[in-house]
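Several structures are given next for inspection.
Shared between the two complexes below is subunit A, which has subunit B as its partner in the first and subunit C in the second.
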Partner chain A sequence: MDFGFKISPSSAINLDNVDLTKFEELHRMEPDVYKCMACGSCSATCPASPFSGMSMRKVITALQRGKEKEAVAMLRNCMLCGKCSMVCPRGINTRHLILSIFRIYREDGK
Partner chain B sequence: MRERFLTGYNDFVLPFVVGMLFVLTYCLVGLIRIIAQLPASDRKRFFLSLVTPKTMVKNVKDIFLKCLIHVDLWKRNKLLGYMHSSIAFGWFMLIVVGHIEVFLYTSHLGAKALYYPIFFRYFVAETESTMKGALIFFLMDFFLLVVLSGIVLAIIKRVRSRFFGMRRTTNPSFLDLIGLYSLWSIFPLRLLAESFTADISGGSFLTKSLNYVFTEFLSNHANMLPAWWAYSCALGIFFCVLPFTRYMHIPAEILLIPLRNAGIRIVNARKGFARAQVYSCPSCGLCIDACPMGVMKGNIRDTTVYLNRQIRRKNEPRIEEISDKCLLCGKCTAVCPVGVEGDKLRIAQRSTRRYNFGPDYSNIDTKLQSERCNKFVKKINNNVSRTDNERVLYFAGCMTALTPVIRKTTESVLTKAGVDYEMMDRDGGICCGRPMFMAGRFAQADELVAKNTEIIMNSGADVLLLSCPICYKIFRERYTLPGIEIIHHTEYFERLISDGRLKMRKSSTKYVFHDPCELGRGCGVYEQPRNVIAAAGEVVEAARNRKESICCGGSLGSLTLGFDKRRAMTENALSNLVAASPDRIVTACPLCLDTFARYSDRPVEDIAQVVDRASGYGKIS
Partner chain C sequence: MIYQGKQKIWADYQKEIPDNHWFYVRSCIRQNFFPGAEKMFLEICREVLKKDFYETEYHTTCGGIAYHCDTIPQETVMTIVARQFSLMTEAGYENYVASCITSFGNYIEILETWREFPEVETRIREMLWKACRREFNKPKYVAHASDLIYKYRNEIASRAKFRLVNRFTGEPLRVVEHIGCHYSKMFPSKGVGGAEYPYVLCGMIESWGGNVIDYPERRHCCGYGFRQYHVKANRGYSVSNTYKKFESMAPYHPDFILTNCPGCPYFMDRWQYVIAETEGKTYGENGYGIPVLTYEELASLVLGYNPWDIGLQLHQVAVEPLLDKLGVEYDPSEKYKGLNEKELSRPELPGVLRCC
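And now, the complex of A and B:
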């Protein structure tokens, strides 16, 4: 059938050369990771941040941008107190998210 | 008594003998394996406890009261208690009296000793002299009747568990059902078989009367052997499936009690003591009603009884799901009649998880932290300055940072009472380590413990005051702070009031106290908070309180349960609290306060707020 127009595949070129395999794996385990709206409530309540600059908001952004090394370095200060998941307005279980990151990513950020 | 058969043997004993030998071998191998799996120090401690007179007496007493009489079930529900003790104690007495009978009336047993006590009535005949044994005949019939009454109750319980005070019971597995039906059939079949021989080998009010009433059928000796065969088969089937069903709790509990009395704890998630606990679970399902997650039907399969079943089946994905979901409120442990520690078992499962990397706190500078809270230490010579009263170091904890009113009011109360205190974490502190411990990462938790210990020991304080029960539990269990008293603010307020340092004015407000899991079940603090509130107003009780208080749903114990999925639990806990229509709900945990305040229809307060308001009128003497 001819409608006079066709649907052609997107011709947008993805110039992003970040390898997101690990992040996709994380997303499969923790679908909520996409819910984050980077409000920073988690970072504001984090008891580890005064010592180390740990910020869950930054961790999620860093992982999405392929900066695993920075994310891992920050996460190493997490005390797993769970306050971030209590205050998250999007209801993300950040505590379990952190444990999943510990499982998926490696120490050197690879 | 005289023997009816020269050989003293009939083929029908075989199913029983095979089953019996199988179950004995299985239990013996299991026993040796569990003891071998214990860490060497625990094993030594266990053997020592077996020969220590004090624990020996306690073991015998506990085994008698728990395995046979089921005292814990009696306390819960009389009917439930009677049902269990009638079957357990009745059967035990049948075995004991049966052996006495054999011992009195026969000699030169040999291999017959295996089955004679069970099938005694078939192999011997009554003689003139047996009237002396009338008491034994009576006892045998009496205990058989006791067991039969228990079986009738058990059948009723299958259909209507509510009569026994249980809203829900466990869904039995296929093998459990086979075990259940064979157990139910053993005793009616025994009655039938013994009724056949009642005119030959004697009987009492039950078997003999039955023999008289149904003379036509029961005196026909052609019917006799099938009945004895059926009885033996029922026993054989029960023994053969026993190791793979919930009835494994019968032998396992006899091992669990001495292990527990020896002070052994769970070390390995699956081996040793944990294994003994898992096999001791009778699948009674008391933990199902107790579990706070049970308000949502989807969570019923994640209760401790199902965890035990999945551990026995080695179903790893389900074990992980169940143990990660739990809130660790510890209520299943509190109600468990055999003492399976559902919370500790789950933490042990969590500790087996593999992570690629873990936290590392070496960059935390404790020196800086110490300098912020060392007002008790003199600058010149580092000696501790002397004060009239105790030097209090107040650690509010991470959670209190989310509910600053607790910190504010606690400080206000301390000032009113003239307490010399110092805040340990005014500008944020290090986590106590309990959440990390709950996630099963013990090494990292110990790192946090070490950091905090250093700060506290450098502070020069002699009392460590905590307002968070989560911190309180780990401080009591995992910290070693020589010379420093660890105290929760509910306990400290009670002391201040009873010492007269804090003047309280009583109002007519009705308060209900919610026992936080970690404070009540976790640390056994029940009376002090109630005494404190009683000084400020009237205390009313919740429908379920103290040991059976219901978790607010905000617990950090659960790893997978998001906060959006906990509303039903919180609402259920709230409806339990307002049973006596109090004006205000009081708790002593920042987490409970935060969780309840979200959905409560009346004010929720921390105990510090209550004390602060009530003590506002009087000034310090």
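And now, the complex of A and C:
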């Protein structure tokens, strides 16, 4: 039906030339990944962060930028303590998200 | 959403709301969109809760739509509002409650402007006197009607016939709340719960047994945006905003959307039909849409009013799946019957969006 107007596609310009198929799969599995507003509360409270460089905020950004290996390497330092889940102001179940990231991005499946 | 964290934010943005004796002003557009809502607000406050609410037929628009569409200057709006205040003064009231979010934002903005610039208030008083020989006192308290239902939420819960619980599963209903932009985005301290996570609708949902669902585009505009919609060439922007919101909330499968603004329920309701016709997408279960209710309609449903008496047949998206979940009994044959059993005309059914 022609209403004389239609839904406009997003006008955001994405200059990243990366394949986001896996990230879209992650979004289907974990819709909460889009809730992240990069506040960094998770990284600030992470007990593994001071000695390993682990940062959940960086992981999510890296996945969106196609730096998958970097993200998975960082996540290997996670102890699944769940402090990030407790402080996330958007209530993201980060521990569940980390496990889902491993399921999708680790090619060896381990 | 982490409840404890939000409680801390909400605690900083609580406001004292007087319990009784209010001067009520209606919205320009709500009576066309969802005519049962304002009637039910007064019915609940006056007849169920036995509060004193006064309204006069002499009040007019607040000028908010024209102001936000940039077609009249703020001084004109101020003079219109000054006349409303003079009606309140004449009736002997000091608490002013607006049905419309834009009106509420408009009143707050004007009172804050007068506080900052008293000379503007003096000029407006002169203009009002020259225009219609009227004088006014400023209201002691300005509230939005949803603030009052929020205040009375536990009283309503204690009289409730239905809880927001899915009777098929026993689980709390998953509710998405949408706050009108002009409620607290301009003056966060004037809204219950502040601007980022307003509590006004969350409080009602929690009190009546539902579960509030957070989603990425929760604070995004509904799409109305005045100039986006009023200029026909811009309506694509309006529906695109709504589309973005629905795409964002769809993975969370909400049972219904609760709103406190005149425009939001209308556009989130009607645009679901347009999205279905243009994109072939529906967001509810089994081809239905997601019902969008106003807080007055929800309060009435919870209190056990007949859904067709509160005007739910005027929604584009069918509310029957929600009524079934709530356990509300209704007669489908009475859906399009008006006062005294008068048969109303039946709308043509859309092609994609399932409506019955």
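By definition in this document, the second predicted complex is superposed on the first by the 90 of 110 C-alpha atoms of A that agree within 3 Å, B and C clash if a C-alpha of one lies under 4 Å from a C-alpha of the other, contacts with A are read in each partner's own complex, and residues count from 1 in each chain.
The rule we apply is simple: contacts are C-beta pairs under 8 Å (C-beta built on N, C-alpha and C of every residue); 3 or more make two chains touch, one makes a residue touch a chain.
Keep in mind the model is a prediction, meaning the values are calculated, not measured.
Contacts of A:50 after superposition: subunit B is touched, whereas subunit C is not reached.
With both structures placed on the common chain, the touch criterion links A:1 to subunit C but leaves subunit B unconnected. Touch criterion met: A:104 reaches subunit B, while subunit C stays clear of it. By the touch criterion stated above, A:91 is placed in contact with subunit B and with subunit C alike.
By the touch criterion defined above, A:35 reaches subunit C but does not reach subunit B. Of the two partner chains, subunit B is the only one that A:77 touches; subunit C does not reach it.
Counting the residues of subunit A touched by each of subunit B and subunit C gives the higher count for B.
In the three-chain superposition model, subunit A touches both subunit B and subunit C at residues 86-88, 91.
Taken together, the subunit B residues at the contact with subunit A in this complex read 324, 353-361, 363-365, 398-399, 401-402, 427-431, 433, 435-436, 439, 441, 444, 448, 554, 556, 559-564, 594.
Every residue of subunit A that touches subunit C in the complex is listed here, in rising order: 1, 3-8, 28, 31, 34-35, 86-91.
Taken together, the subunit A residues at the contact with subunit B in this complex read 32, 45, 47-48, 50-52, 72, 75-83, 85-88, 91-93, 95-96, 99, 102-107. Contacts from subunit C toward subunit A in the complex involve residues 1-2, 5, 214-216, 232-237, 239-240, 243, 248, 251-252, 274-275, 277-279, 351.
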